[in-house]
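Notes to accompany the following structure.
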């Protein structure tokens, strides 16, 4: 028996290779599947099975791409009713990969169709050695049951059952391989450690230690982070079967003149992915800004209108190709071009550009203390804002500014702030798109503001023990 | 808490990064320590501790190199009596890395000074979350206690105590992070899986399930694989403190003429590391052959006389540099040069070369069945030979041919065979060095011979369930 | 005005980028055209013209691939009667690239349709600054006129006219950019320097200094190196328009079993491209051997039967991909697969292999002086053989062994020798394919034999001043 | 005979490998000499000679580094009075590299000690085949004789003699290999073509066609571009012998806090080398800005005070290493550190940053036409300014702003403009260092302003035929 974990930062997604000597399964694969083909080839293994624990909401999975490349069978929960060829499994079903016996537990809660794969290594013994439990049980947390608002309470109840009656009934030594780690929006407070055991989680997992079913349900359906817009989209794509990556467009280099013409075509959208410092210096008017250095895939899936074609502004073509991979992971598939030569050529062509001036921590402090009327909008999550913020700051999470810009006065000076500057730059780009012209971005965000020692001057600026931050 | 495993194929050695949020420890580091510096830097962590579970016998460790690069403290078992600056720890000692409490258990057995580091994550709870147990407990096996022949029985007894009284007393969910995986000579039959739990091993580990102390001792001191020559050397080097890698020579390119002159200097040795096919075609007379494709480091430490300077024959300079890294891992430090331009330039210079003709499976079969007097020497381990061999084959493990060549008649045709051809090529080079001129190597080894269907013709060629093979 | 030369070793082919400020031409492009696209892009130039001096005989050109990638117009000699869309030009035609005026001289001789492009930089002055003269005039030599045997004398006469009446009438300072350098078979004795001037060549070019027309014709039609088989094929392919590279197969990895099955399909051929040492050790029976380290493309075009599908034996997949590029350069387009895992996996699968034992220089000398009946076949060119050879050696150039193996007795021991071992290994593979079983290859070739000091023992081993060697 | 040219963009410097079959010379080497070692090794050549045509003023040469790496002899003009071991040569001296006879012509003019190496290929004939003439004769231009102000007229006269009496006396077909190409400040108007011939230059070279000696002197000592500050420094360094690169510091990563502390040490200077867009967004207060995308080495040598230690602000460590190479080329040797994590970490640390807002072409036009009192400072060279500029713009070349900032009013809004934005960003950083707080940089420069069609609105915006631009 052999297990290898593959981790995607940002999405904080873990997939797995579970192998015998010559054959293996891939569990919950990412959409860019080359990494599995290489890993299997390097060990002389053939990929024969592709296992999905559930219909992932936060990313588009590579089950069809991997099946095409390998001929492996796709194993799906029966109740997912998938539209592509697959082997449907339900409670009690089992199959083998060499000495490994893999049996199915139905563990609804995070989603209705969720299952867990329980592995027994018959070469060693009859007890379960590990589980691949998707988004049911995490290190330090459990999967959020609130993604289907109409049935959140029902799912939370089922999750309680799945955990307490099924997973915790497994031996304490049984290893836990979840589909997500710290940073994922599929839970609230996962640990940095990427695997655990049933016994350890039983003792110390914050959610599992709520013994009372009703309190568990209440806890899991209250104060959850907002669910990004693409979560429901991705589930459905994964059910229908995502388009094969080889059928999607490759972003084409477009000189400034062609780029600008293309922007005028129907259904086009400009997306700037450079660092926030460069975006602040000059950018194509009207462009969205999502910094590749932040939680890029998640925010792209969240704020970009679906079904639009994407024109990228990047530093170079390699970065455009990399961004296309990250965008496809959340189903943003139509990345048709990028600005050849970047903003340097755009400026040489004499086209107009826009700007978002930055404020360093001392500059922000100076403006706040001078009382010059600056509006400070904190665009972090509710949890982060609750933990510490500048007195008087407004709180509007970045994605909500798509509509809640209406709460702001475009004739006032507005500074946006997040943790370090990525999300606030996205927020600034959303305001710019709405015609706000007096927008500043706080470079270094609250991290810099605190590090500079300005927080003590705000009575509210204390840092209680709170949930982890989503962005960076 | 964060854990990352680093695995070295061949030596089948696992080392670890154990981190909090901003600081981390490296446990049982390899000698080429760049990989740890990069991993820590990529996560923004500072390496503050270097932990050794024991004095490694099978490789030279990078504790001094890593300490020089990072300023971290080296933590060693007190009873190891190390000669370099370190923090000595013994039973009951403990220290912290942020939230992580690390305490010491003395677990002698594999070696007298062996300790285990038990980790408790105080941010989560008081019970042990994982152990770094070096060569005390492996996945499916335990550390061999027979490396110190005079006290093997004593150590086996201590190992029984270390396991049953200390490690198995830990919670079943506690994760087990050993220093070796499948293929290592520090145990007998490890699994391909690279981590486990206390509870799972308690149930199914072949050694742990021997409840009787005396039977355990008997089992662990009988039929062990031979211990390579460098095992005692490396222990001592690790105790004294290895030379810093930056002080060792970098192999210098030597044109054929200078290479030949250099070979005549005192204390020099030629080592060919190309594939066995190339070695068979032509090689520098007198060269040892250890194929980089096989278990290179282990056999180099095993058969090369210590304290000799090494002249490499490789395909190119990059390969020479890579080989030097692998040789340093077993304390073969004086790699002073390599043949510039390889055998192609050697031949152009008109120098003599030697040859080891190959036999493919059908050719070997033809010679065996023709009864032409060919002696077949099977150079695999006792376990492999016992599992399946050609009727009438002599059995002499490859490293033993350094002396046991005396059992063979240099005037007979001799074919050497192993699993696939790597070890038999080493064996052929050892015979050549002793003046044997009629030596063939079986390409594809027993693997090819069996695949070709010739095994059924030998009554003894059956493949019982047996121990894993060492080589490839 | 800007000029950049691109040189292909082996074929010794020079192509050129001739640019103004924003646009440029590519002259006599190789088939793998990515290098031109990158060069032009890096300087911000657009490729607008593709110029051919003639229908190349020794390689398939990339004019159609480059036209498809850029939209550039292909300029061809009118008398070439090309079958693809192009702009046909003849004596006196001219066109411009920015300040550059490019006019056409008809310079038949090497081929009937050959033209020369004369460049004038109108930004500087009216006189010709350089010529792109293809295979009409080389550094130190002229293009051979004997490739069309029926009209060799006629072409030699025309060449005299083209050179003396047209090219030598240009100013002495006019730079000469030829299509080939030292090593090409399109001439006899080119210099290592890759460009020259009209005036310098007029003074010192061996062919141009033959003032008498008849003597010139006699010289250029006598004692020329043999023309490889693919020369007439390539001319015709270049006239019809080569297949676009993107439409050709990519070599697919084939495990040993599939490789062997594939070999049995109609029209298949196995080609081993590893170093001769590896080939000597073990190879797939029946495989051709052409060492990538030698003049690979030329010998592949020469000896491989056209229109066969190719199965490669290589060290790895990257090498297979590289070989496919080199094979396409001579119109060997159907490279369908390669042996996955190489000979190591072949041997493990238990399949038969063949061998060509090597002789080092001292071993060859020992066999020659012992008079044991060894036949030594020298497979170099007539010029090389004439310059120095071992007394008693037979002379059969490597490619001729395809038929002249009939002059040899398969029951005798035969050693083949060339300059360093590449061509002799090809020769050995040709003999093996004809059932010769007692074949040795001389490692290091005559280079090693001479370097070892054995040449003086052969009275005939003297080294007169002679033409350059073709192979390495 | 074999010649290979190595071109350094920015400095527009050409060096050469001149080889026979097995040995070669390097002529006028750059300071980072690895490229020569690789080129020679790839052709199996040994570097035996290092030839300098003169004491280079615009870059520090690698003669000592290359001599140490190869053991080659350094050949220098006798009158250079060099302080390191070398072979001094003067008019009429000659030496050989295999068939190549290399003789020395003294050709003072660009510098007093300047010599030219004349090559004759004795394997071909007695006439000169090529000259390596350093900065005496360029393609389309000659070396400027005005770098030693006190003796400019004298040197101009000597240059006339060197050209007309010596170089032009060589055969017209003799090839000219100069040490610089288009963009170098060692001449005024070189062509993009990188080599030429004596005959062609004789006809069309702008300087050579001035037959009258006095007019030649007048022309060559009038209206020359300004000589950067490092020109005299580099000459002297090259005479004394530059420090070996291996003895210079490697830039060390410095976290923000250490970077800021280091800035306060004596003799430190911060240099930002990112793109101008990023610099505009946020930068360390007081930093010089020289964009790596522009003529980096030249402006660094020009404006940075000598003998200061350099702290870099870059995007990453690889860029810092690359910048250190470019800085060493102009003798800026003490690059001691770089800001680890770049401005992103600087901002997170809460430190103050500064900004230079950008103006796109339409924004500049709007401000100009609105008459809002903006001062436009054109920082290009006199030639560029003369060719076309915006009516009313002030002209102060960028490097002169180090002192001529005094001509500007810090209380006015000031926009700086160059060709595309690189030099104007340098200019902006110089003004910022002097306390100017109301500085804008024109993104896209005059290139964008013209492309946008705004030039016609300025009556003075006409583009006469003028000299080439220095920057990009």
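We call the chains A, B, C and D, going by the order they appear; numbering starts again at 1 in every chain.
The rule is short, and it goes like this: contacts are C-beta pairs under 8 Å (C-beta built on N, C-alpha and C of every residue); 3 or more make two chains touch, one makes a residue touch a chain.
Being a predicted model, the structure only gives us computed values, none of them experimental.
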Chains contacting each of subunit B and subunit C, listed by label: none
Rounded Å distance, subunit B centre to subunit D centre (Cα mean): 55
Chain centre separation (subunit A, subunit D; CA means) in Å: 48
Whole-Å gap between the CA centroids of subunit A and subunit B: 41
Overlap residues in subunit C, where contacts from two or more other chains coincide: none
Chain contact topology (line, ring, star, complete or other): ring
Residue ranges of subunit C touching subunit D (in the complex, touch as defined): 1-3, 19, 21, 121, 124-125, 127, 129, 140, 171-175, 191-195, 197-200, 202-204
Touch list for subunit B against partner subunit C, complex: 275-282, 293, 343-344, 346-353, 355, 357-358, 360-363, 420-421, 443-445, 447-454
